[in-house]
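Shared between the two complexes below is subunit A, which has subunit B as its partner in the first and subunit C in the second.
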Partner chain A sequence: MLTAPKLDYALLAPILIILGTALLGVIVEAFVKQALRARLQLVIALAGISIALGQLYLVRNQGSSIAAVTSVSIDGSGIFIQGAILIFAFLGILIIADQDHFAPQASTLPGSIEEASALESGKQQTEVFPLTLFAVSGAMLFPIATDFITLFVALEVLSLPLYLMVGLSRRRRLLSQEAALKYFLLGAYSSAFFLFGAALLYGYSGSLSLNGLTDAIRGSGGNDVFLLLGAAFLSVGLLFKIGAVPFHSWTPDVYQGAPTPITGFMAAATKAAAFGATLRIFYIGLDAAQVSWKPAIAGIAVITMIFGSIAAISQRDIKRMLALSSIAHTGFVLIAVVSLNKSALSATLFYLVAYGLATIGAFGIVTLVRDSAGEVTDINRWVGLGKKSPLVAAVFSLFLLSFAGIPLTSGFVGKFAIFSAAYESGNIYLVVAGVLSSAIAVFFYLRLILMLFFAGETNGSVSVVIPSVLTRIAISISAIATVVLGLAPSLLLDVAQNFAYFLR
Partner chain B sequence: MSILTTLQLLPLIGAIVVAVLPVGNAKLIKQTALGFSLLVTAVSLFMAFSFKTDETALQFTETRSWISAFNINYSVGIDGMALALILMTTILVPIVFLAGWNESENGRWSVKVFYILLLILETMMIGVFAATDVFLFYVIFEAMLLPVYFLIGGYGVGERAAAAMKFLLYSLFGGLLMLAALIGLYVISTNQGGGTFDIAKLSELTIDSATQNWLFLGFFIAFAIKAPLWPLHTWLPTAAKSATAGTSTLLLGVLDKVGTYGMIRFCMNFFPEATKTFTPAIITLAVISILYGAFLAIGQKEINSLIAFTSISHFGFITLGIFALTSQGLTGAIFYMVNHGFSTAALFLTAGWMIKRRGSSNIADFGGLQRVTPVLAWSFFLAGMSALALPGLSSFISEFLVLVGSFAKYPVAAILGTTGIILAALYVLIVVQRSLHGETPETNKGILDLNLREKIAIAPVIAVLVVLGFYPKPVLNAINPTTQTIMTHAGVSDPIAKVAK
Partner chain C sequence: MTTSTNLVYLIALPLFSAALLLLLGRIADKWGHIFATLISGSVFVIGVAEFFAMQDRDGEARAATQKVFEWISVGTFQVDASLLLDQLSICFVLLISGVGTLIHIYSIAYMSHDHDRRRFFAYLNLFIAAMLLLVLGDSYLNLYVGWEGVGLASYLLIGFWNQKPEYATAAKKAFVANRVGDLGLSLAIMIAFTQFGTVTFAGVKEGASGASAGALTAIGAMLLLAAAGKSAQFPLQSWLGDAMAGPTPVSALIHAATMVTAGVYLITRSNFIFDASPTAQLMVVTVGAITLLFGALIGTAKDDIKKALAASTMSQIGYMILATGLGPVGYAFAIMHLLTHGFFKAGMFLGAGSVMHGMSDEVNMRRYGAIGKVMPITAATFGLGYLAILGVPPFAGFYSKDKIIETAFNAGGIEGILLGGATLLGAAITAFYMTRVIVLTFTGTKRWDENAHPHESPLLMWAPMAILAIGSVTSGFLLNSGSALVNWLQPVVNERHEHHAEEFLPPLVVSTMALVVVAIGIAFAILKYRTVSVIAPTDVSIFTKAARKDLYQDSFNEAVLMRPGQKLTAGLVTTDYKVIDGLVRSVGWIIQTTSSALRSIQNGYVRSYALIMVLGVLTLVTAIWMVTL
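So, the complex of A and B:
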């Protein structure tokens, strides 16, 4: 006889609430009048996220590794990252609510009569709200999952809606759809790698759980070919999701092609979720075999940082440039993965929040700079923006300074925390590599600020649209957080330190 | 709340007040900014009078927790060296405001932004010398680059954007090296019982010599870029050429002093062993800087670049004095830092007035100014005399102390450095002769002499140079305890004079 598994609903509630809200969104799509949908969807999504955040806050000090038998482990790091993802989702939805970025009817062919008539009839894209929430639910499950099946399911729940969302852009639809297809195909490959790695590890350890894997490594000494192959394949899947070199090639294309609000959300939330899972797998599942994988991941961290920083210099498109800068940031966080100590864990938690908020804000600003044909992403046409719209240019510069890690911004504190954790763990060469690539990266961030403020002429055809109230709120929150976390980082650092633990 | 905190807050409050004033009323903005900077001067003078010169401990200290996770504190406190540099800063700022009354009006942005940037910069300039927590120092050290970046790029002339970029990239690169060394120091302190950024505690760590060498280099390169030491100086002439006279004054007079200040406060204090290891190399670089800066200054056709190269030469003297590791050399170097601040201010400000009046910065375009503008010409002449360290002016005393102090240990370096004095006479007298004397060309006949505002601005600078030239005792008294503390800590003593009996 089968007995139903015992579930701890209070701890799982945040994910369940988001899933429920997403399903409610689907029902709204089916039954509510077209005219009301956009507003209703927005309210439902924001309410769902708020309730989930509230529930997460209530259970913040509880931890359990048996909340859903042995499939998930709800612990400090998991709860912290879930909270971060929910906040990113909240801000992301505020920007997504500006319907102007999305195709009125995604199923129409670009350039077809159907598309024209959809545009004319004033249809609105509202499926994006439930899709976002589905992605969020996957993102929340991914960092707490402790067995390979749950990890894989979470990965797919996270990824599938994103593939669709990338293709929803209203303008330059071919580029957007190309990006979606590219992301989907490469994502499918990486999922296959992940699954293959999981299968090999199962073959090696005879267990699907991370704990079982650790026990097996401790028992056998950790130099088994199946273990090494399995860990390598699993890492490929993870490194693809976080966008580390050499599995990064999708990042610039997808960041560029996707509707900008989606790019911002993706860059922040996906990265947080994927790093949450990566940290758990390497800290819990594979730490006993660290001698085998540490040099490889450290090498990838160095290459990723330096590649991202150098490649960004030559970019002429603002979204591609931010994509490459996100690759460089991935490299910095990978330093923390290799460092394997508590300070590295809390540093990562802080870094992910600081980076995520600045990223959402920066892409939020990209949505505002437009000409008659939509967003302007060519950097050369951003020249002189500081004259036309000083406030927008100043806030954007603030985000860039934070990415560059200039003191008094949150990015500096994050970088400092990660570097000191790496030094503490003895990986001094990683600190040196990090410092050098920061020096390279500073160059293109500053060059951009230079173009915004110090250029002689301005570009007449480009204008900054007045942001909607919601976009304004989202960008303001990101900007304020970037400054406050730079001036008084203790507010978040202390929290991150309290939450920096994993339950086995 | 310590008086040091008040001193830092005042300009910041000034910046906020200026920010809410109406943009159109430039005069009110300028007056408010000047008012606040004078208030700061008054408070800093009050602080100087209550400073006890016979104490070696830090004074006016205050500590508050800032980032508890890393045991980072807002902690401030000053010794004689810091006091001298803070006083120099607070006196120079109102002078810069007054001297460059109109230089904010041709910028990319409004007058308001100019004064907000300058007042924020003043807060940071005070803070950087007052900080006794290395992390706090680092944060200000880096953050103060931004106001200067915008001041050069927004209000400068010529290739201002490129100059601003070059300045910032150089400085940030140095800053990142320092960050790596700083993290190293923090982790070492963690391993030796409790991570800290407190300067006093960090200087008591025991660090093995290989690590010391690396960390020393991390700090030293950052400071050598800042103070510009050959071969890391190339950003300075472009920046000085493009910045306004006031910005250049603060950049070379105050900001670059953070470099030499840091060498004393951090490099020598934290890494006494590495200091001794690297001393011969640094002395060599210092001598090269003295001669290189002087030779290039002789060849300059542009007046601001000339001043920049003389500064490179002078920073060579300061570095020589610091790393001679004798009490005379060190005292001389610290005193030199103060004198150089005023002497460069005099040069840049008078040169700035000349350039503005003539509409050109080429030395060849001037000539015969002595006859048309006697007050301006005399001011420029005195500034030049201070640059060549004429006896009777304060820079003579400091240069003499540096050379005497270094001769005791490094006679060759001191002798080579002395030739720098001769070269200084050349580059100063050449520019004085070409611009002030001779026939007055037709184009220069209409040039007006200094007005009252400008006279009020330059008078205190010249007064300081002359008074300290005859009576340097108050400053030297304040500096001496610092010198002794540093010498004792670094474990060096003065060589005993070998006198033939």
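So, the complex of A and C:
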């Protein structure tokens, strides 16, 4: 007879609240009439996220590795990343709420009569709110999961809504749907690797949990081929999600095709969640076998940084450029994963927050630059925007400077923290590669700023729409955080240091 | 040492006035010149008061210091902005503010038609402030600030009429030549700091007694380079002739009486360095001897009255530099000649300015002649200065120059004969070119234009000339009577009153010899310039040609320094563009090309992406495998 497992609901509450809110959203979708839905969904989502954040704050110091038997470990890093994801979700929802970005009825064929009539009827896409919340729940579970089944479930709960959300774009729908399909296919492909890796590791250790895996490696009981293959395949699933080279190919296409608010949200939240899980697996599960995987992951970090920085140079589309920039940032954070020490862990936590906020803000601004056919993402048409809309261009430049790691922005502090942690752990070549690729990356960030302010004539047809209050709030918070964390990094660095621990 | 609280006003007043006049702009046009003159006058009054206060104090207490503020405090490196007024600096304070005030007065009239007169007076005040800082600083670093300040003021004033491109070029030339010297000064300061850990005069003096000969010679050589730049000594003398582009009062004040003597001050102030390094002293006397002949020779061929006087200045400062190189006994005579020269040369420059003022700014002496009749006061004051520079007794130059010639002979051995000979020869050439100036300008037949209407200058101009002329007559006697200056300066230059056992020649013989060669020089000039053509003759000896071209120093500088320098910079620019930029550009090109290549991998086909992932998995597995095995 099965006994019901003992669950620590207080600690699990943040995830459960988000899931409950998502389900509530589904019910609203079914029963509330069209005209009220958008506003109601927004209120429900924001309320749910806020309550979850509040609950998370209350339990922030009550770490436990047995909150749900041995499936999850709610510890410092997990709580910190959950908080970061909730904040990203909050800001993301604010921008998503601008309904102009989404197809009124995603199921209609692009160019069909049904599409035209859906547009005409003034329908609004509101399923995106519960979808976002489902993704958030997966993202929150992923970094705290400690067994392979939970990890896989979390990964899929995170991914499936995202596949859908990518295809929701109101304009350039074919591109959007193509991106969704690519993301889905490649995502399924990588999930298969992940699952295969989990199976091999189970074969090696006889256990599904990370602790069991560690014990097995320490005891060196099993077949090393299983361990090495399993670790490699498991890594592929994770590296795909964080967008590391050579498992990055989906990133530019998906970032470009997805509705821009979704791009911003997933760039920030998915990356945080996937890095949370990656850190846990490498720090807790596979640390005993680090001799085997460290050089390979370090190599991937170097290739990723350099590839992202170089490939971004020749991009003509702002969203693709930001996508490749995000690949370069993945490389920087991977340096910290390889460094395997406490300061690297806290540096990563800081970096994820700094990068996520700047990313949401940057994509938020991309949503504002439009012509009659919607968003303008061709970089050449951004020329001279600084003269037309100096404030928007200045804030965008701030985010770019943060990405580039220029001092007095949060990006600088993040990079500095990661590089010094890597130096501390003796990986000097990684620091050198990081600094070099940062130098390359500075080129395209600064070139863009140059184009905004100093080059050529203003493009007449492009204009900056006046942002809605919600978008304005989201971008402002991101911008303020970027500056404040650049000027007074200890506000967050101290917190990150306190939370930089894992419970086994 | 006495502590004073008044010294800072000597600098602060003119500095404040300069700033005020420059910042107020045209508002101050009406009263700016009066204000600046009053400030300069009050600085002179403070200087005189300090002088008398010093005389009331005895011995050690004579020198006064004032710490204005703590300037640099880095670890053990401490520099205060402190002022030191001792027996040496008071001489300069009185000279600078006294002659300076006279020239301020003179300029009120001389510059009355210039619509930028206020700016001119602001620069003059700036110069006074900087020059006083130069002589009052208690450390090499403080001196350096003043040193650069007078360089700036000199630059601004030479190029005061910078609407004429050649004047602006002259200013630039002076600036560049001075920079070369300044480099010497900064190097000397740095060496001193590494050797002694301090840059104050007192500290360096203390350290010098135990320092190595090499270090002292290095510091001495660098200080000499600095002095050569500022005092227009060989080989950095070429700028002084061109500096005559500035308004004549500037030439009188800065480029005759005060700033160009800063090198003499620097060497005298650093006597503890040079006394301890015979090598450095030898360099000093060599530079002095070369320059005194060099300048004198150039002076014989110049038709521009101001350039002739400038060449003379160069030569006379050569005398002073030579004297400073003769050891403790020479410093006082160098300073004495500096002071008397300040009177007679400033007086003659003002006289030249007065002639130019009457002759519509004509400077070519071949177009003068018989001006003495129409400008009697100018002729008389100029004539007194002339007698003084020649060293005719009892005029000022007789006392100061003869002492230098005498001391040079007493240096002993071959060196003494060479140096003494050089100074004697210089005296003869001086007599020749100065007589030439007199003959061409004031006597003979009039050769001026029909349009020229020479007339005597107004009171504001001739009064300062007259006062300076009085100085030209009496200063030598006063300074020499009872060895007044020698005794006064004794605590600073450390002259121990060792009686020189053997004098090479008795003073009377030296004086007689000097007078004889001077008479020969005068006679030559009078004979040669009985008739003067308005157009300078071209069929002249090779020496005249060389002297007209400043003995080819400019050509030398241009051929040996300027052109190779330009080629070097042009080469560096090319290297920078082709090699350095080329490297940078090719790095950029490589990255750009790589980027484009990477872009083609991103072809949009899911099957390619999946293939890349498979390859990635294989690579990853292989990598992990390789490491583990």
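Assume the second predicted complex is superposed on the first by the 501 of 504 C-alpha atoms of A that agree within 3 Å, B and C clash if a C-alpha of one lies under 4 Å from a C-alpha of the other, contacts with A are read in each partner's own complex, and residues count from 1 in each chain.
Definition applied: a residue touches a chain if its C-beta (ideal position, glycine included) is under 8 Å from a C-beta of that chain, and two chains touch if they have at least 3 such contacts.
Just so you know, these numbers come straight off a predicted model, no measurement behind them.
Chemist: If you stack the two complexes on chain A, which partner ends up touching A:S314: first (subunit B), second (subunit C), both, or neither?
Modeler: After superposing on A, A:S314 lies in contact with subunit C but is clear of subunit B.
Chemist: Based on the superposed arrangement, let me know which partner A:V483 touches: subunit B (first), subunit C (second), both, or neither?
Modeler: In the superposed model, A:V483 contacts neither subunit B nor subunit C.
Chemist: Give one of first, second, both or neither to describe whether A:A199 is in contact with subunit B, with subunit C, with both, or with none.
Modeler: It touches nothing on subunit B or subunit C.
Chemist: Please indicate which partner A:S420 is in contact with in the superposed arrangement: first for subunit B, second for subunit C, both, or neither.
Modeler: first
Chemist: Identify the partner contact of A:L16: answer first if only subunit B is touched, second if only subunit C is, both if each is, neither if none is.
Modeler: A:L16 sits against neither subunit B nor subunit C.
Chemist: Report for A:V442: first if it touches subunit B alone, second if subunit C alone, otherwise both or neither.
Modeler: In the superposition, A:V442 touches subunit B alone.
Chemist: In the superposed view, which residues of subunit A touch subunit B and also subunit C?
Modeler: 443
Chemist: Considering only the defined contacts, which subunit A positions touch subunit B in the complex?
Modeler: 346, 387, 390, 401, 406-408, 412-413, 416-417, 419-420, 423-424, 428, 431-432, 435-436, 438-439, 442-443, 446-447, 450, 453-455, 488-490, 493-494, 497
Chemist: Touching residues of subunit A toward subunit C in the complex: what are they?
Modeler: It comes out as residues 181-182, 185-186, 189-190, 193, 224, 228-229, 231-233, 235-236, 240, 245-247, 249-250, 252-253, 291-293, 295-296, 299-300, 307, 310-315, 440, 443.
Chemist: Which bits of subunit B are touching subunit A when the two form their complex?
Modeler: 65-70, 108-109, 138-140, 142-143, 146, 150, 153-154, 160-161, 164-165, 168-169, 172-173, 176-177, 179-180, 183-184, 186-187, 190
Chemist: Any idea which subunit C residues touch subunit A in the complex?
Modeler: The touching residues are 588, 591-592, 594-596, 598-599, 602, 604, 606, 608-610, 612-613, 615-617, 619-621, 623-625, 627-628.
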